[in-house]
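Taking it in order: structure first as structure tokens, then the write-up.
Residue numbering begins at 1 within each chain, and the chains themselves are lettered A, B, C and D in the order written.
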């Protein structure tokens, strides 16, 4: 059944470079009840994606989802095979001038000697395998980490985190790809592809002893997903100590929430940050 | 016995739109010992309720009780069948201009195209069933969430949280009303009424996998109740790991504390917020 | 053996109103090794005690030891049977103008209509029974609360919290004094005296479902004691989950640390607060 | 086997006073994969070490790794037998003017009446036994403390904390050196040497009921190590509650990460601090 949704998603979002389609992709992500009016986003463009990407960097740092080593990217609007990512900087410090373009092999289009993130293959290989994905967040949130090393299933327990799904989030272990003598980092296309395949059609993949990678149909929803993945982890770890929690069922995880209310609130908290 | 208090409360606060009565309602909430001088509140009015509502939004965001998706409302002073609520915004950003009036069916009196909160039926149906209630807080505090999914009784463990009561707080599960294929949100009067009935004559109702709804006889006490519900959750979850805690007994939960000392302290921390 | 130390303390600090003696009292608190140079404090006076009291209010709020309902007091320098305490305000908001004098029966010397803390008998009765005590902190720190309701022994586990002692901190239950129908607050001299007796010659007494009361030979050390009581609680509760922790032994708890380094650091963080 | 690595480290970093060598030492710390470009540091000098030391004080306070009683030091560039350390101040308040030079016996070269840290022997004896070490952090982070008192092995669980190693971090108990009647502080060369020997060739040594001491080949990496020791503790303590975690293997702990990205992000957060 998962495979089926996977195929559907692939088709539904194949034209992710077209504005309307990009946000239809969000709608196709799951069935939204008529009662909730959909978010109204600014018109999609390369500039808008970069603006949201810079804000997402600041938000994710401010919300303690990303430490200095995390990163967030967006698929290029002009060239959907490419993606946009900051040069090698702590997310809190990223400005629009730091945003660089990377090609389908995760190589910088115009490096000019700038340092780049070593883990960019995480992003590039997910964009290759998941045309519906328009934004990717990769980080090491401490609340999530215990679920990456213990085999305890990580599932949607709270309604805000419906996107995690009712089946356990997949856990990627680099040792399975590169053997015991590995660097704990995804540093090449091969490992990036293995991670992307482990993610499959899901929104969250955990990485053993390392962190999480979270995707979304636009920067704002990927940001939301990353924030509430962390909240779900905090709640689940406490609930597990009390007893056997009741998780969201397979219908409840199909809901779609609004994004802009949270985005606006979080963005307001970082509005003093550099741009 | 609970039913009896419920009836008493209904009578005692039926004239909640009259200033004196509104604060008598607070006194009737439980028996205050003579030794504690009651709070002195500013004269009640529509304007004062709106001013407190805006401050409550800022406080509850600042105290991490409400995330961007929570909301707080107050019964209208002019028309006690109506209530006042912000348009669809993150609580930290709410200003007096955002406050809208909603009728007894939770519909906006004068929408003028403004977006409204989808979960407003939580508030409207509680105001209908509980005339003693003058303010309602609804949120998703992570500390409280484990108690919504595990069946572990949530009771008053610390004196500040006496209002939770010595019997377990009721837990509402939307699945019981709308079946497994539900949105995890209270989006219509029917579910709102079911939630209000689950709350009964209590001050706190938990919502499975979703959060909590907390009420009070005025905005300040509802705010206090929401803050200390969260503190009680934090303490109870740790205490349960140590052993079997001694909860407040049925007399101890009848106490009434002062509100303004905390309100003034919290309000001072958000005094720079927009209005 | 405890009784013996108790008597010694009583004698050693009987002249607590004399500057030199007040700080000798600190020395007598326990045997300081020669290697650690003692703190140099500003000359003792009523004004200095008030200045430190105001700063202590701000520090204890800033360090999350006191919520809006906590309070800190100091014995009067001019009249050692009296003590100084803010009027009824959240600690973060206290200024020198709020400081009032209370007599040996915890009644305000010059009330002039000002609201006072209801729990002032906690302070007054401790000052009566413990001449060595020059400052008292009373609060409801969430980290400490689980130890007040579970019977799990709370002891010095980290060197900074040596003052807690190697025997379990006493736990006061108001129900033992006033019966089941009590207010959870110490509102009269009788309950205050019972609490002071439960404290005995110790530095920390826990209060069931309520909080903690912490004492010291001056405002700065009482502040330090309150902060590190909370840290000890946080560490002990986590350590207990891992296994059986090794607590400080009866010699190790006799150490005396420096205070001013922490005081200066904490004070710097609140230097923008009102005075 | 540990002894062997220990000897190698000694040789590799014997010329730690030479700029190039100091940073070669970092390279020799473990084998860095070719894919990760090494950090580019400013030219080494006494002034640069002091500047980094002041920033490290502010960062470690801001990141809650050091409370007012922690300290961080750096080996002198001009005289590698000496080290540089602030006078007795809370780390958040340290300025370049507070930095003093200490000789190979941990005595101040030019005290001029200034108060010094009593625990400076921790630093001095580690610099004596570990020529590869250029910076030392000593603190009392609450997240780490439970591992110091329970015997539960503390090991690298997350990739950022690889430097902790795949074997349990050693735990130093002052009682083993000074007997039960000890001060819980390392106050003399004998105890300092015992601690340094317990550290051996590792990067982290825990201290029973007291805290941790963390080393690095330069100030920035020691700062990074201290921050992520704390994160590893937070993750491990939660993971242990879920089940048996999978720790990093002996190869994975050999990795070398970049430092400057985190350093720049942390430094930006304290850029308003006094200098």
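For this structure, a couple of remarks:
Criterion: contacts are C-beta pairs under 8 Å (C-beta built on N, C-alpha and C of every residue); 3 or more make two chains touch, one makes a residue touch a chain.
Just so you know, these numbers come straight off a predicted model, no measurement behind them.
Because chain B and chain C carry the same sequence, their contact can be compared by residue number, and under half of the numbers here are used by both. The most distant chain from chain C, with centres taken as the mean of CA atoms, is A.
Computed centre separation for the pair chain A/chain C is 48 angstrom, with centres defined by C-alpha atoms.
Computed centre separation for the pair chain A/chain D is 34 angstrom, with centres defined by C-alpha atoms. In chain B, the residues touching two or more other chains are 241. Shown here, the protein chains touch around one cycle, each chain meeting exactly two partners.
Chains touching one another, given as pairs, are A-B, A-D, B-C, C-D.
Per the touch definition, chain C reaches chain B in the complex via residues 61, 67-69, 88-93, 115, 118, 140, 142-143, 145-147, 149-152, 175, 180-185, 187-188, 208-210, 237, 240-241. Those residues of chain A lying in contact with chain B across their complex are 33, 35-37, 157-160, 162, 231, 234-235, 238-239, 241-249, 251-252, 255, 257-258, 261-262, 264-266, 268-269.
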